[in-house]
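Below, subunit A partners subunit B and then partners subunit C, in two separate complexes.
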Partner chain A sequence: MSKYYLFQDTRKCIGCHACEIQCKSNKNLPKGPKPCQIIQVGPKFIGGLPKMSFIFMPCFHCENPWCVSACPTGAMQKRSADGIVFIDKDLCVGCKTCVSACPWGAPQWNPETGKVEKCDYCKDRVDKGLKPACVTTCTTGCLKFGNVEDMTQIRRVRHAESVASFENSSF
Partner chain B sequence: MATQTCPVRNTIIYLSDLTESGALTDPRERRICEQILNLVEEISEGAAGNGHLSAIDALMEEYLDGKGSKKTRVNGDRLKEMLSENREVFESHIATRNCPSHDCGKLAPSPCQMACPAGIDIPTYLTLIARGEDAKAIEVIRRDNPFPWVCGLICTRPCEMMCVRARIDTPVSIKFLKAFAAERAMSEGAYHNPEKKPFNGKKVCVIGAGPGGLTAAYYLALMGYKVRVIEALPVSGGMMMIGIPRYRLPREVIDREVAMIEDLGVEISYNTRFGTDITYEDLKAEGFEAFFIAIGAHKAMDLGIKGEKEFPKALEAIRFLKDVALGNHHAPGKQVVVIGGGNVAIDAARTSLRLGAGKVTIAYRRSEDQMPADIEEVEQAMEEGIEFSFLTIPKEILGSEGRITGLDCIKAELIQKEGSDRLVPVPVLGGDFILEADAVISAIGQYVDDKGMEAFDRMNWSRRGTIEVSHASMETAMPGVFAAGDAVSGPATVIEAIGGGKRAAEAIDRYFNHIPQPRMPKIPVRHHREPPVEMTAARKMTLKRPSMPMLNVDRRRTTFQQVELGYDEESVRKEAARCLRCDICRRCGKCIEICRDKMGIDALQLGYLEFDHSTETDFRTTEKKCITCGACAANCENKAIVLEEKEGRRNLKLCGTLLNSQAILYCENCRAVLPSAEYLEFIAQKTGDMVKRTQHRLLCDNCRRSLNAKINVETRPSDPK
Partner chain C sequence: MDKEVFSLCFMCSVRCPITVKVKDGHVDWIEGNAHVPGIDGSLCPRGSAGISMLYDDQRVQSPLIRVGERGSGNWRKASWEEAIDYVGSRLKDIIDKNGAPSVALCERTQLATHVSKTFLKALGSPNHFTHDALCKGSVNTACRSLFGYTDAEVGIHYGETKHIVLYGRNIFESIALKEVNTLMKALENGAKLTYIDPRVTVTASKAHRYWMIRPGTDLALNYALMHVILKERLYDAEFVSKWVHGLNELRDFVEPYTPEWAETETGIPAGEIIQLAREMSRDKPSVIFHYGYRGANHRDEIYMRRSILMLNALMGSVEAKGGIFFKKGPGAAGGKGARKLTEQEFPKIEAVRFDKAGTKDFPLPDPNHGVAQIFPHAVLNEDPYPIKALIAYRMDPLMSIADTTRTKKALDKLDLVVTIDINYSDIAWYSDVILPESTYLERTDCIQQMNGLKPQMFLRKKAVEPRHDTLDGAVILKRIGEKLGIGRYFPYETMEDLVAWQIQGTGFTMADFEKKGFVAYGSEQIFWDRDNLPFKTPSKKIEFKSSLLENAGYASFPKYEAVQAPTDGRFRLVVGRSALHTHISTQNVPYLNELESENKLWINTKRAGELGIKNNALVEVVSSCGKGRIKAFVTDFIHPEAVFMLHGFGHEAGRAKRSFNRGLSDALIQENVYDPIGGSPAYHDTFVSVNPL
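Then we have the complex of A and B:
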């Protein structure tokens, strides 16, 4: 995994798709490719109430990326410094091998350029100390980006809060 | 920037750099530059119309209206310079949809079309003939050449010399296919003239009714000019009629195509020699404002040997062929020696044989492989029993009392001399011998007869005795006087004369409309982009150029019947389909590079793409290795190689040739199209173990994403309230 973590707080996400739009606009993409995507799951009846989840699906920047192994041209690469998996478009010949290889559907086809697009955590922005495009415009602030160690803190704090809350307490 | 590149391409590079570098900070300038870039890109892709250049001019003016900064001006001036300096190239890109430098990849012309002196759009008409649309093919050919039938029988076919198919097996039989199409269209009454423009009140005089003159007359008549052709002979066609024997080119073929030109209102005055029967002043007085000189090269060169002028049976080939063409069918002698090694020598020899000469010998001073005559002509002459005496220099025509008894010759040897590309024949000491003969025909070349041309006093003549012209416009130094054909080039080919006639017609039209003449020769025009003929790889590979059926030798030795009998219809359609469509595939080799070097698959065995070192080509081997990944197609600028999905199969086609076809797999969940099994196998090999964990279900990338999102939700611990 990369040294970064992009955390989505699914409790806060309202499925506004602003992240998708910001991502595409930042990468100047045509209709079709979505390096990150909000997938709606449900609605399902849970406890008699209709419930729906919105799951943010970017690239997971795997430790052993399928796409990198599959790519015949060496266009798909993993950055050794921080583990970001990205595509060098000059090397991409549009064979779509990575698209077929990825179990998560992360590499996306750009029909205009005939090459693959992929979430690279906006590495150019990250290198300048900025956040990825999707994170910057998240309306509810449910997307958070940072080093893995910082991200675990959010869950810990939340768990602690829930443990401490009276409603859930065994007291 | 390289100097060799196309100015249109250079402008695109300049503008892209300008717009992408962020140097243009003013939104107005940026917008204008992007708009100009769009327009130039369309010019480079052949998608531009007549309004494109004026639109660019208007944008350029807006850019330079003085509102911008100093830096703006520098960029703008540079751009304006690029556009105005190369205006002709831009215009030519729009008008011809061809870019001879191959830099504008989509407009790279096919080698055959570039080789044709008349610039016929060969791939287009071959495709039309393959599909059986003969009349349409003739219509396409006649935009560049009003004599498709004549050229189909006698053209020297520079196109076939350049044919890319020759790098696989043999060149496409481009020449004859158009003769078939013309004959068929003529016979079906479908050989039509295009619509001509109404009379524009201008009159043009054409001197000489040969291929050059009649071609100019044809295009001028179409443009609305009144054309009168002055012809010294009683027949039309020039050298086509009186130089080329009718066993190669039947008279009817010339007559029918000339009649088509006359149908446009072109008037031909026969038996009228310019300068004697009618003068420049007469014609000026009649209102002829432009003159086109296409008088050919009808005077024979002298041998410069003893006896040449003494004997009535020492003939000039050109005179002899003319007399035969005009009806004198007497054999020149029993034993004829023809001196020379070109097509005229062969024609004179074969004609002598047909008139009843018992023995005909061609005496040539170099060796067989150095003969300028067409190889087929030489072969056919040999089949008919013409004898050849190579390395033979004529010394003297022997005889007495006006009767020839023989030709005294010296044996020659070929020596490499400094400053000469060709080996030079030099006499061998003591190598004298006598060729018995009662008639000697010299065919060692012709030159232009300038008699009667005195009226064109401001025209320049070259040292070779030809008329000097600008080759882009065929314009002489004398305003309003144009010239083309053999009169300009010296003895050359029919197709060159046709090309010159066509250029001259356009230049004459410009002359009348006060449009400046082009500085560069016109580039051939691509008229259509016909969809290629579809067939399997095996068929494309196994089609072979048919051999030409010939009249039997006995008849060839005794009559003037046409020697080449022509292909049957089935052979014609098949042969036309052998064309590789080099107007679509420009043989850049990117597909091979991607498949072999980048993908490591090496499924494309297209050795013919390499010009200098062609290796083996086999379209049939692609299906053994290809995984239909489509990387070749995605990178083909011209869409010559395409990946199509049709009826459950993914088909890879190169200019219509089916290279591979594999079954498409579908997403188990949404039925979206997935790669082929061969392709998935390729990925499985690359990803090794990893793939096993996920490939148990056949899902598209979207469904995989959704499935994973769902798993995320399902496996999430229940939310604390």
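Then we have the complex of A and C:
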């Protein structure tokens, strides 16, 4: 896997789709391809309250990416330094093998170029010390990007705060 | 050449502060202004689509003069000189024949509103009106009746609230960045959210308590809450005894409105109503009953909005941390505000406004905004006199005023319709001349005086040169004014001149805005001393018993009238918005259109089943004044008495190809009925039949 983790704080996500739009705007994409996407599931009544789930779907940047193995031209690649999976569009011939190979629908079709678009964690921005486009302007700041170990900490701290008791407790 | 420009977004009217990055003369990136707390670099979906709006070629690219019938979509390109000459000479003829009051100008209130007001004042017409009355006229009147301040002078202190109650105020889908993020922070800190709406929204999905209220009965709920609060003495006794005028009258009035009575009317269990009253009291005064942004639903709107504000007063949450507060201007921090062109001397205008706001016929709506929905009546009946010309500046009467068919008939009576807009809006399409304005990324704008707990000034600053043959709105009006002999009221050539004129005497310079995109008059939040609150009512108190209402012949506490359920298998039509679109103005923006290109009719699963309506099937919606087709969205998450659609779809302008004829316009179906006291339209008082096709 890549050394990065893109964490979605689902409690703060309002499913506004700003991430999708900023991503497309940053990559100057036409109608069609969505390198990241929010899929709404629900609402459903859970314990009498309406609940919605907004599932954030970028590329997961797999350890052993099937899209890379499947690509016949070497366009789809994994960066050795940090594990980011990206596509070199000069080498892409639009054969769609990666689209077939990916179990999560991450490679997206660009009808204008006849090539594939894909989330690359905005590696050009990351290389400049910036965050991916979707994370940088997320409306509520619910998307966070960083090293995996820092991201798990957010959940642990929150859980600790929710269970901490200052009364009748040895903690 | 790369540069970074601090500016203000304008994909909606909130005007969130942004940073625009420009590369080789192109806008390369937009993000929220990281120097502004609550913005912190964030940008909403509409703001994120700003670049796709700027580089979309389906915008108006040059002045256009109509050649065919109105609305036929036949245009010829014109130079600015020709277009301004044409508008100027037509206006001159109209004024010579009918007098200046026959010219009206409508707009969505914006930074250059002082320029358009100046334009009409200098001409001698009282007929400037804004979108505000359509949105929140009755909220404005309700605020004045209680506090002596308008709604624009009241704010909400989300960040430190402990419990907020929202009456259909869909904060997480309306998205004003600061509002969303400060409320989110409060929720993270343990604040409770109660959400009341006949329809489940994203905001409902974040709530700790959700009530699917019977549509139109919020006022009954509030009277029952007051009943409990007074009976159980849950109010802030100290605050109320010092600041409330008319508590005893309220106590007598709400005596019959028990929670059990409200349960029958609203569908909300009595026990839960009592529980909410107790919870709010426990957390007072850091609680908020949100008085709403759009407050334009029912004919008794003013009393609904007053009831919410009164609940805040009972909780003592007025001018309290985590409650509601009054906005402080530069004066409160020892500073001076930006100048406005309206401070000039103008000839006295004798004529009454077309809507008669502020006269004995329609005493309470705010004449500063007027009452837009009266416009079709005034034109069609020449009441109080003939109106012959309309300049529509970034506001669309066709899609905003209920009953489009009637509004069109009124426009047909006019000799001249001119639109100033960036888009092919429906009103632009129905105009004689379109004068295209540069977009917010292509123009510098007038100063934004941002009053609040910390008074500030913000500046919208041009990031790139206009892509097309477009001009700044304030320059367009100045040029028309010059043709009409009122050029002297516009002492500037460029927007930069105008801004420089505005900030004279404030102690700030243009360079001061370069650092962070705004300037602040002070660094501390200003709260008034709660022992010395400067209410501007005649009694100097919060007037439950309102002199504003009673002096105009209206009751402070009129008897509650039960809300009738729709008969003959009909539904109550309710409307609202989503995170992806701003009113009627963004439906053709490429990235927003891709995600949401049409609206659907939400209809309750059981009712739809009875009518044989399947999910996603086309249905016909019929009211007394219009009908149209729309796809059904069959769901359990709407009250059976209501159907819902998003506002702003069903466009008729052919050159806005993505939004043309997609979905259905609510204004086509809604009846033009309104709150005769407060001034808001009653957008939710239309009953419709829904027929499968």
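The working rule: the second predicted complex is superposed on the first by the 164 of 171 C-alpha atoms of A that agree within 3 Å, B and C clash if a C-alpha of one lies under 4 Å from a C-alpha of the other, contacts with A are read in each partner's own complex, and residues count from 1 in each chain.
Just so it is clear, a residue touches a chain if its C-beta (ideal position, glycine included) is under 8 Å from a C-beta of that chain, and two chains touch if they have at least 3 such contacts.
Quick caveat: nothing in here was measured; it's all calculated off a predicted structure.
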Superposition-derived comparison: subunit B or subunit C, residues of subunit A touched: B
- prompt: Taking the superposition as given, does A:A18 touch the first partner, subunit B, the second, subunit C, both, or neither?
  reply: second
- prompt: Touch check for A:P72: first (subunit B), second (subunit C), both, or neither?
  reply: first
- prompt: Thinking of the overlay built on chain A, is A:T140 touched by subunit B (first), by subunit C (second), by both, or by neither?
  reply: second
Query: If you stack the two complexes on chain A, which partner ends up touching A:V93: first (subunit B), second (subunit C), both, or neither?
result: first
Message: Is A:T10 touching anything from subunit B or subunit C once the two structures are fitted on A? First, second, both or neither.
response: first
Message: With both complexes overlaid on chain A, does A:A101 touch subunit B (first), subunit C (second), both or neither?
response: first
- request: Please work out whether A:N26 is in contact with subunit B alone, subunit C alone, both, or neither, and reply first, second, both or neither.
  value: second
Message: For A:P50, using the defined touch cut-off, is the partner it touches subunit B, subunit C, both, or neither? Pick first, second, both or neither.
response: second
- request: Kindly list the residues of subunit A that each of subunit B and subunit C touches, one partner per complex.
  value: 11, 42
Field: Footprint of subunit A on subunit C - complex, ascending
entry: 29-32, 40-45, 47-49, 51-52, 172-173, 175, 177, 180-181, 184, 188, 200, 202, 204-210, 579-580, 590-592, 594-595, 636-637
Task: Provide the residue numbers of subunit A that touch subunit C in the complex, in ascending order.
output: 11-12, 14-18, 20-22, 24-26, 31, 42-43, 45, 49-52, 136-141
- request: State the interface residues of subunit B toward subunit A in the complex, per the touch definition above.
  value: 594, 598-601, 629-631, 634-635, 674-675, 679-680, 682-683, 686-688, 690-691, 693-694, 700-706, 708-710, 712-713, 716, 719-721
Interface residues, subunit A side, partner subunit B - complex: 10-11, 37, 39, 41-42, 53, 55, 57, 64, 66, 69-73, 91, 93-97, 99-108, 114-115, 162, 165, 167-168
